[in-house]
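The structure's right below; bear with me while I get my questions together.
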Amino acid sequence: MSPEGPHRALAGSIQKRLSPGFALDVQVSAPAGITIVFGESGSGKTTLLRCLAGLDRPDAGRIVVGERVLFDSPSGCNVSARDRGVGFVFQQLALFPHLSVRDNIRYGLHRLSPEVRAERTRAVAESFRIDHLLDRKPSAVSGGERQRTALARALVTDPDLLLLDEPLSALDHATQSRIMADLRAWNTAHAIPILYVTHAHREVFALGERVMVLDAGRVLAEGTTHDVMEAPAHEPLAQLAGFENFFDGAVVARRPDAGTMQCRLAQAGIPLEVPLSHATEGEAVRIAIRAGDILLANQEPRGLSARNILRGRVRSLTREGPTVRADVDAGAAFAVHLTPGACESLRLEEADEVWLIIKTHSCRLVEPSGALS
Amino acid sequence: MSPEGPHRALAGSIQKRLSPGFALDVQVSAPAGITIVFGESGSGKTTLLRCLAGLDRPDAGRIVVGERVLFDSPSGCNVSARDRGVGFVFQQLALFPHLSVRDNIRYGLHRLSPEVRAERTRAVAESFRIDHLLDRKPSAVSGGERQRTALARALVTDPDLLLLDEPLSALDHATQSRIMADLRAWNTAHAIPILYVTHAHREVFALGERVMVLDAGRVLAEGTTHDVMEAPAHEPLAQLAGFENFFDGAVVARRPDAGTMQCRLAQAGIPLEVPLSHATEGEAVRIAIRAGDILLANQEPRGLSARNILRGRVRSLTREGPTVRADVDAGAAFAVHLTPGACESLRLEEADEVWLIIKTHSCRLVEPSGALS
Amino acid sequence: MDYSAILLSVKLAAVVAAILLGVGLPIAYWLTFSRWRWKFLAEAVVALPLVLPPTVLGFYVLVAIGARSPVGRLWTSWTGHGLAFTFEGLVIASVLYSLPFAVQPIAAAFSQVDASLIEASSTLGASERRTFFRIILPLSLEGVIAGAVLAFAHTIGEFGVVLMVGGNLPGATRTVSIAIYDSVQALDYAAANRTALLLLAFSFVVLALVYGLRRKPLVAI
Amino acid sequence: MDYSAILLSVKLAAVVAAILLGVGLPIAYWLTFSRWRWKFLAEAVVALPLVLPPTVLGFYVLVAIGARSPVGRLWTSWTGHGLAFTFEGLVIASVLYSLPFAVQPIAAAFSQVDASLIEASSTLGASERRTFFRIILPLSLEGVIAGAVLAFAHTIGEFGVVLMVGGNLPGATRTVSIAIYDSVQALDYAAANRTALLLLAFSFVVLALVYGLRRKPLVAI
Amino acid sequence: AGTPAAAQQIAVAAAADLQAVFPEVAARFERETGRKVALTFGSSGNFFAQVQNGAPFDLFFSADIEYPRRLQAAGLAESGSLYEYATGRLVLWSRKDSGIDAARGLMILADPRVRRVAIANPEHAPYGRAAVAALRHETVYDAVRGKLVLGENISQAAQFAQSGNADAGILALSLALMPALRDTGTVYRIPDAFYPPIVQGAVVLAASRQKEAARQFLRFVERPDIQQLMREYGFAPAADLR
């Protein structure tokens, strides 16, 4: 029996109306492994997790983990939160204020022998680097330390399903990376479904094999991290996935043999070769390009396979975290990401003339925002 | 009177022992504008903010905003929190659970006329996109919506000093960017000192003109974002600032006229040209290089000004958020960041032979960890 | 049936409960938030009136407010009549006796209010007063209701203190509890049962209204 | 001085407070967390014993558990002696009378516990019981102490119910409150003062210990 | 009450106005017979209700003969044991510093300086009924009615007067003779003819397990020396008025 087998998977369909303006209506399926739940603030991520954990009761639906039915509205089955075997890290942590960090962590281990409890508590506290805080109350540790405590408390119970609501948001990158490594190792050892809510692209790519994107209570997209984040079907999804450039255009010519189409951007009539789609000639299309997928050159490139080469001028250069963002006017406004190293080796300055190099397959055809909902 | 003048600046020195293992002991000075407070989890950021806000009483020190002394231990002066005119966004939000979002926001406006209150509340709610939630209780809105409410509640009071403890941690990037833009605009209009705690490099670069880095209760570094994040003096600081490559080496030859030194890495004896320092010949040095500052080429580069060109082999390629991380073995192990576009245009694959191009000035000499404390 | 006695009792209980809220809230506030080292002694003192039998407490109050005491003389010089055997006297005695019932649940509720909300309020420029009325009090509502209900119900039922200080004057100090007691003493059990039943029914309605109409319990964030 | 009466009172108050915790905690729990629509009626009923004058309540209890009642007869057939005029009888009556003092502050405290902590406990596999004892109860400690103190002190001081149900039998049911009452009735004020002072001093020490030793107020996160 | 030790002891429920004299009576009885007497003082109305519900008393000395009579009729008291052991007497009492001289008789109560007059509650206390009768007899009742404050029992009425909150009180002689009142007030003995006799009756209770000892105590109280003692404490022998 492979631990990755469907017998441990989560499958569910959940409907829940919270207010006249918001209803969750999703199909969720997650195999063993980390599934990232992604979506803007207020899209229903926490609500989904609460329904799965048995803290909110869906209006209708069915939740199954492995062979075990946790909720089924037709039959009225509704396993209580405490019997679901679900580990939950709350967005607001919900640490027990009167218990020490140690007692918080071992709270869920009451069925085990004292030695096992102590050993497991010690091990998880060490791996989350909170072993020096074990005797303090949550009010006497820092925000990030609290978050690690909450995570340790949920992981240590060996749940059948793990629900993490932005578990690393209050941590610095180094600590985040360490805990993500721990979590990946834990995941390999336990092979249970893990739903991991986050807003950080960093965490999406570092942890998730699969992503599920929510928008206004519905599943906007679902699949492997690569499929969802690299080839988003809709503009909202593309925005969430970090695409910065969106253009309106029209199909000029289809080249089915080459698998490409020639388009013309509405702005300045810029020609752009994009991958083939079902769009017919003359049809309007929306094109998304990630800022990191555009290459910059300070002299006209020659002999390149890339078919889209646009001349432009640097408007501004801004440092943004680990990358540099160049805003380039090439008829239309393009945002381009470079590494600081590349920026320096190109000796880029504002107002410099540059060439943008865009691979055909970096241009994604997406449904525009309006087409949704 | 320029609004940027020192008359509105924050200046303070604070000593506070929290536990036998932790004491805050910092000099803090912040002009009008956003100063990022950066530091790993548990380094004392929240404690610093609490002391400034008057919620914790320092053991000793002095706090002045503009001409106004808020705290002075020798003279026993200690202005109460409510009279400090400080806006505080708590890491745990501390929204009033029994008040609607609207009443939370206008809580601090009780001295104003009803019309002004209503107008200001409306305006800030709109700009933070929570105007549709105004009548709900905090328990009935999402985590990110709560965070926006807390931020709105603090900003709307027009404080003399703004203290933000990870105010955007629960928000998606798009919302974050929107609020950061609002905050920058607000900052321009109000010109007060803002201390902004965050772990996210993204926010550091997007918002901060100045950075103050804390480590174990002390100021590790302070200055403009560029100086602190690009030229870190210590290895811990370099780690926080996102440097990924650290090497032990020794000075082989000093070239004061060229402003460089020739070094040799302890591992595999790799030669590396670095900027001149006070280190004497034969002295051990520690060298830090940011993964984004290293360029990759798939053929030996020629005629480049960069003096350090190392041959290596790609060990692995991993997607990390908006960038691709290549681990390259060039005698020593190097981490290199590329944009996905660059990665594709180089047609990089694992096990490929590559050349690393490292500018002399991308190599920073740092004090090793041990030298600190 | 003695309706005037019922009316009098309700009036007394309402006045006492109102005064106890006025007096009990600041006392409870001080007991909860003061950092005085010996505060716990004050807490013990607040509970002390309870351990005396009501008639005995009433007797001491009677002596304390009597014509020969400074308090009594002062009152007489102001109002022209003594405090004993008046409604005002009843109120004073009942307030004293029921003080712990109001203070204790309220103080307990205050101490459960999340300290960070109080901090948030102060950074928003709120005075202690504003913080109290806008944050602490509403979040302690259950405890305040408990205190008020205990004070009210207890004053309705109390008769030892009332008898001692009131002197059983029909219409002025003869409360329903005394009326029922008198009926029992006079072996008129039927009358006692009737009045008791009426009192129970009335009190039940009042309490049910209080509990039914109060806001839903709040959930903290 | 009547030391045996003091001892008896303390014993009675301790037993009653203990029983009231045992009975009051589940009742308060139900009152707080039940989702029954008509719960507020039950809340009103819990406060009702208070509105009856103690002697009258005592009279009804006496009738209910006396020699002629089914309860009294059943008890006699079990134990060989009656329930009224025994320590056990006193306990029953006092528990009934002091029930609201225990239940109300405790229920108020329960309702202030952050619901998300209860949710967290349940996702950690804790039974309702475990959640109650490990989370709800400790976080409501102040309210529970308030309830226990009110119940204890009130039982020490109560004399109407005790007099009626206990019959003031020296050594068996003559509590210190009755002893003081007797002294006052006999116009022996000196004796009353002595005993009252001793009682006050003793109660003060007990209460100060309770308040002084309890854990610091907790700050929720 | 089943242990042999307890069997030696007679449990006596005694009206509150006996609080001064009965400890002495019981002590003498013990000295003579070696039997202990456990005295419980209280309101006669309460005792009546308690006896009906099985109170473990052997003897009941009521302040009002009505209660024992009813108990006998209900079969709760030994038939034929009813004994009128004493008669209560009324006095008018006033504090010396009140400026009112009680010795001037009940008429003084009509004086406007007298604002409060304490009596026991006439609804259920025999002394209260007697006080009202005496006032009526002296035709001051209508003038005094509005000044009356009622004690639950005669003791409480005494406390009202003694604490100065009432300007005068119509009290039991037995109380007025106690040091607390005797030394601080002026007294007027209200003539017996002004009010119907306050006849106090005692019975042996039917539930008693030591009726013989109970009867013995009852007979002891009848003895002339004890009746003399009662007289010293302010009670008239029942026979005096019959």
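First chain written, first letter: the chains are A, B, C, D and E, and each begins at residue 1.
Note that in this section contacts are C-beta pairs under 8 Å (C-beta built on N, C-alpha and C of every residue); 3 or more make two chains touch, one makes a residue touch a chain.
Since the structure is predicted, the reported quantities are computational estimates derived from the model, not experimental observations.
Novice: Which chains sit in contact with both members of the pair chain A and chain E?
Specialist: D
Novice: Can you list every chain that touches chain B and also touches chain E?
Specialist: C
Novice: Which chain has its C-alpha centre farthest away from the C-alpha centre of chain B?
Specialist: E
Novice: Same residues or different residues: which describes how chain A and chain B meet, taking over half shared numbers as same?
Specialist: Comparing the two copies, chain A and chain B contact each other through largely the same residue numbers, since over half are shared.
Novice: Roughly how far is chain B from chain D, centre to centre by C-alpha average, rounded to an integer in Å?
Specialist: Here the centre of chain D sits 58 Å away from the centre of chain B.
Novice: Between chain B and chain C, what's the gap in Å when you average each chain's C-alpha atoms?
Specialist: Between these chains, centre-to-centre, one finds 57 Å.
Novice: Compute the distance, rounded to whole Å, between the mean C-alpha positions of chain D and chain E.
Specialist: Measuring from centre to centre gives 35 Å for this pair.
Novice: List, in ascending order, every residue of chain D touching at least 2 other chains.
Specialist: 55, 59, 114, 116, 139, 184, 219-221 - these are the residues of chain D that touch more than one other chain.
Novice: Which residues does chain E have that touch at least 2 chains other than itself?
Specialist: Expected reply: 46, 49, 156, 159.
Novice: By the touch rule stated above, which residues of chain A touch at least two different other chains?
Specialist: Within chain A, residues 92-93 contact more than one other chain.
Novice: What is the complete set of touching chain pairs?
Specialist: According to the stated criterion, the contacting chain pairs are A-B, A-D, B-C, C-D, C-E, D-E.
Novice: Okay, in this complex, where on chain C does chain D touch?
Specialist: These residues of chain C touch chain D: 32, 40-41, 43-45, 47-48, 50-57, 59, 100-101, 104-105, 107-109, 111-116, 139-140, 142-143, 145-147, 149-150, 153-154, 156-160, 177-178, 180-181, 184, 192, 196, 199-200, 203-204, 207-208, 210-212, 217, 219-221.
Novice: Note which residues of chain C are touching chain B in the complex, please.
Specialist: So the residues of chain C in touch with chain B come to 114, 116-117, 119-127, 130, 134-135, 138-139, 218-221.
Novice: Could you please specify the touching residues of chain E with respect to chain C in the complex?
Specialist: The touching residues are 43, 45-46, 48-49, 70, 97, 115-116, 118, 121, 123-125, 148-152, 156, 159-160, 163-166.
Novice: Which residues of chain E touch chain D in the complex?
Specialist: Against chain D, chain E makes touches at 1-2, 11, 13, 16, 19-20, 38-42, 46, 49-50, 52-57, 153, 155-156, 158-159, 162, 175, 178, 180-181.
Novice: Tell me, which parts of chain A touch chain B in their complex?
Specialist: Against chain B, the touching part of chain A is residues 18-19, 21, 39-42, 45-46, 91-93, 132, 136, 140-145, 148, 165-166, 169-176, 199-202, 204-206, 225-226, 239-240, 242, 290-295, 304, 306, 318-323, 337-342, 344-345, 357-359, 362.
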